[in-house]
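Shared between the two complexes below is chain A, which has chain B as its partner in the first and chain C in the second.
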Partner chain A sequence: MSAFDIAVVGAGPAGIAAACRAAENGARVVVIDDNPAPGGQIWRGEKSEPWIERFKRSGAVLERDTAVDERVRQRGAKLILATGARELFLPFPGWTLPGVTGVGGLQALIKSGLAVKGMRVVIAGSGPLLLAAASLARSKGAVVRLVAEQAPGGRVTGFAGALWRHPGKALQGAELILTLIGVRYDAGCFVEEACGEGQVEHVRVRRGERAWEEKCDLLAVGFGLVPNTELAALLGCDLDSGFVRTGDWQQTSVPGVYAAGELTGIGGVEKSLVEGEIAGLAAAGREADAERLFSRRASWKRFAARLQSAFALEPVLKKLAREDTCVCRCEDVPLSELKGRASWREAKLQTRCGMGSCQGRICGAATREILGWGADSVRPPAFPTKVRNLIESKSS
Partner chain B sequence: MPERIRIIVDGRELHVDRGVTVAAAMMNAGIRAFRQSVSGEARGPLCGMGVCMECRVTINREPHCRSCQTLCEDGMEVQTR
Partner chain C sequence: MNGAAPDVLIVGGGIVGAACAWECSLGGLKVMVVEADVPGSGATAAGMGHIVAMEDSTPEFHLTRYSQIIWNELVHEMPAGVEYLPCGTLWVAVDEEEMAGARRKQASYLGRGVPAELLDARQLAEAEPSLRSGLVGGLLVPEDSALYPPVAAQWLLTQSGAEVRRGRVVSISDSGAQLEDGTLLTAGIIVNAAGAMSSKLMPGVPVTPRKGHLVITERYPGFLRHQVVELGYLKSAHAAGGDSVALNVQPRATGQVLIGSSRQHGATHKEIDRPILSAMLRRAEEYLPGIMDLVAVRCWTGFRATTPDKLPLIGPWPGTQRVWLATGHEGLGITTGPATGRLVADLILGRTPAIPAQPYLPARCGHA
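Here is the complex of A and B:
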């Protein structure tokens, strides 16, 4: 017998929206999240965010914990997975140097107190997240030397030109661009190497035949997002092209288990919110209310599809790693040891690639992109935990 | 103004605002090498959101703590090796 009607894993936009809609309809809701504050990576506890305010008033209980295995299913009669996404990293020479972070990583670090005033920052990779990170860094006093977008200029302007279909997004984009006047934004270029002694000091940027150096104190790189499907896979939810497969009510293939947000398809905060709302309403038995949100969800899914095609990765980015470039950062496995392996499993057995403490979260996605194979199975615990925790909960 | 608290990193005293993570506090103090990789390379925070484990340090004698997911607490002792 669960103490809660609904357990939600993840307190980002999807999880918060799900929890609000369910709790506001009388369900007893617990939300499990391992971050210091609710809001996920995008809001990271921002006090001004209305959804976080609403969440605090909703009656849902927030519990700081890491859901490591299938026992989370026992926490509520129904379970909503809203485990979000992490960044995709593609290995390139120098990417292991301190001072090289993710693009979302830089945002997360700034929001958790990193002072960037006066620091020279290069932001590289792909997608609107680059602009959001540049805007945040600049607002905190960083000198943003360059925003290097890998997608060719034509694709970027085509995407921006289609934003009228989503007026809210067009306005957001315009506001963002106003904060970036004077910052150099170059499309069709990428960072091919990070250099420095003990930390990043400069990067080599390339566009076609031309390459140049940019000095920097921090390099933020991000090539898109990878869904966090580990827990869903452990629970037996069917995946489709790497994402959790969901139906009209955001239900997964496992009865009583729902999924919402980036883990069902990368699409940003609005798609996550509306999917979360639908999941929360459906799990609380309010299907009729959920159904009214279907058209909004469809609209944000179309936006997601545009985003994916506009910022699809150029093949050259998957060939930046050299023979001696580290691919698995936990076990220090270079590309030369991985080339020619038939599968993720063979690589693990022969090289320890993917067997370190991130459990293949970084190199699994990277090898899928650059070598055509990648992490294919999940074993509990889905996240490193203390033996004490496993013993305590097994015996309880 | 946020309350100022004190943490100790490798014997060095840092004064930080309450609400800041250990990773941010260390980077603000100029620390870039958070751990040594298995082949001895210096590594620091990459993902910033608790996934990559590159920022792990020993906090109050507990090894392998993710500094990016841990808020500073007054008197906290941090070791990078």
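Here is the complex of A and C:
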């Protein structure tokens, strides 16, 4: 017997929207997150976000748990997965030097107090997240030397057109652009190497035949996002091209289990919100209300598709790693040891690639991109956790 | 096609198949291995890799000790990825009864020429500081070791020069090994080394799978120095029928801690069984109280190939002309793989084996 009607995993936009809609309709809801504060990647620590205030009033209970695994299925009669996404890292020479972070990582570091005033920052990779990171860094006094967008200029301009069809996004875009006045934004170029003695000191940027150096104290790279499907996989949900497969009601292939947000397809906060709302309503038995949101969802999915094609990675980015470039950071495995292996499984068994604490969450996604290997299998725990957390609790 | 059919076709590229390929090639035979997946990815990728001399019965002692000696020569030629760690085995006694068992065990090892040292409570605490206080003592067998089997299996296969072919065998008979896609592979001798799956390919082979769970942690160099096993292990590990757990914890060359062990009959799915996993971890905690606070990165399961009399099946399969078995190694196949390969090559080539081969011959099963 579970004490809750609905358990939600993840307290980002999708999870919060799901919890609000379900709890406001009388369902007993628990939201479980590995972080003590709600908000997920984007709103964590933000006090004035209306959805967070609404969540606090909704009656849903927030619970912290850093060791969620398949046993979470027993927490509610229905389960909604809203575990979001993490950053994709593509290895390139120098990517493991201190001073090199992900763009999401840089944002988190700044929000948690890293002083960037006066620091020279280069931001490189692809997508709107580069702008968000640049804007934040600049507002805290960093000198943003360059935002290097790998997508060619034509594709990026095409995307600006798409923004007009989504006014919410356009507004966000305009605000960003205001804080970014004076920042160099170059499309069609990328960082091919980070250099320095024990710390990044400069990067080599390339556009076609031309390459140049850019001095910096920090390099933030962002190549896109990878969905966090580990828990879904542990629960046996079907995946489709790496994402959790869902139906009209955001239901997965496992009865009673729903999924919403980035893990069903990368698409940003609005897609996550509307999917969360639909999942929450459907799980609470409000299918008719959920159905009214279908057209909004369809529109945000179209936006997501545009985003994906505008910022699709150029093949050259997948060929930057050299023979001696580290691919698996946990186990220190260079590219040369991985080339020529038949599969992820063979690489893992013969080189320890992906066997460390991250269990291939970083190098598995990278090797999928650069070596074309298949997906990883998932075993408990979904994230490293104390041995004691693997034990069945006496109550369950 | 590269010429005539091989002298020996080995079905399965786990540690046992790989060792057979290596020894047969050394003996001058032309060898082919057919493997359904990546070599070394079956039980060989799931087992602990404890190389241990066991003295419960003479045949078990002969095979484990002989194989251990072969391992100790081989590991020095193998790449660093084999992660050889000469950690020894520390058998731990919780009470006087088990301590008496330790003394008997010591006498048995010494009588067979294997070094073994009794430790009292204080010596035990010094040897392994992570053990709880209040234990009575233990028996240290210093020549046992631990290694990483998949790299060893791959090395043996590569060095053997045998042709390794990817394919799933559906049946084995005198006419050959029939693949899923209809191909029939023929050879002078066909060796079934498909581990826990070997009975699927040849009805009548008395091998059943026995499931085990393991948990591996992050790196904690110094947490453990020896492979630590409870003296009650044999009692619990081979309790007739039911499921069992026992303390069996290993330090890895990487500094990680590998926690075992469990045994379940009849379980055929790969998923983690929480109740047995929990019992296994609680058992480990009874001896190593600090273990609950280590960070685990992965749990997995594997299947041991079990035979009714707990000895492997090595040699010709009665009622056939050219079908042989090299299977049924239960929880000791990493240890006994090399000796199995040597025996198979000896028997095929008509050499006199260094240990009696008769106890492992499949003929004992009374199959006709």
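We adopt the following convention: the second predicted complex is superposed on the first by the 387 of 396 C-alpha atoms of A that agree within 3 Å, B and C clash if a C-alpha of one lies under 4 Å from a C-alpha of the other, contacts with A are read in each partner's own complex, and residues count from 1 in each chain.
What we mean here is this: a contact is a pair of C-beta atoms (placed from the backbone, for glycine too) under 8 Å apart; a residue touches a chain by one contact, two chains touch by 3 or more.
All values derive from a computational prediction rather than experimental measurement.
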Once the structures are superposed on A, label A:Val100 by its partner contacts, choosing first (chain B), second (chain C), both or neither.
first
Does chain B (first) or chain C (second) touch A:His202, or do both, or does neither?
neither
Quick check for you: in the superposed arrangement, does A:Ser343 touch first (chain B), second (chain C), both or neither?
second
Just to be sure I read the superposition right, which of the two partners does A:Gly356 touch: chain B = first, chain C = second, or both, or neither?
both
Quick check for you: in the superposed arrangement, does A:Phe89 touch first (chain B), second (chain C), both or neither?
first
In the superposed model, does chain B or chain C contact more residues of chain A?
B
Quick check for you: in the superposed arrangement, does A:Arg75 touch first (chain B), second (chain C), both or neither?
neither
Let me test your reading of the model: by the given contact rule, A:Arg297 touches which partner, first (chain B), second (chain C), both or neither?
neither
I'd like to know which partner A:Arg388 touches here: chain B for first, chain C for second, both or neither.
second
Both chain B and chain C touch chain A; at which residues?
356-357, 384
Touching chain A in the complex, chain C uses residues 37-38, 40-41, 45, 81, 150-151, 154, 215, 217-218, 254, 259, 272, 274-275, 277-278, 281-282, 291-300
List the residues on chain A that touch chain C in their complex, please.
71, 342-343, 345-346, 349-352, 355-357, 359, 379-381, 384-392
Could you pull out which chain A residues touch chain B in their complex?
34-36, 41, 86-87, 89, 96, 98-102, 104-109, 112-115, 198-199, 326, 329-332, 356-358, 361-362, 384
As the complex stands, chain B meets chain A at residues 16-17, 19-21, 23-25, 27-28, 32-34, 37-39, 41-54, 56, 64, 68-71
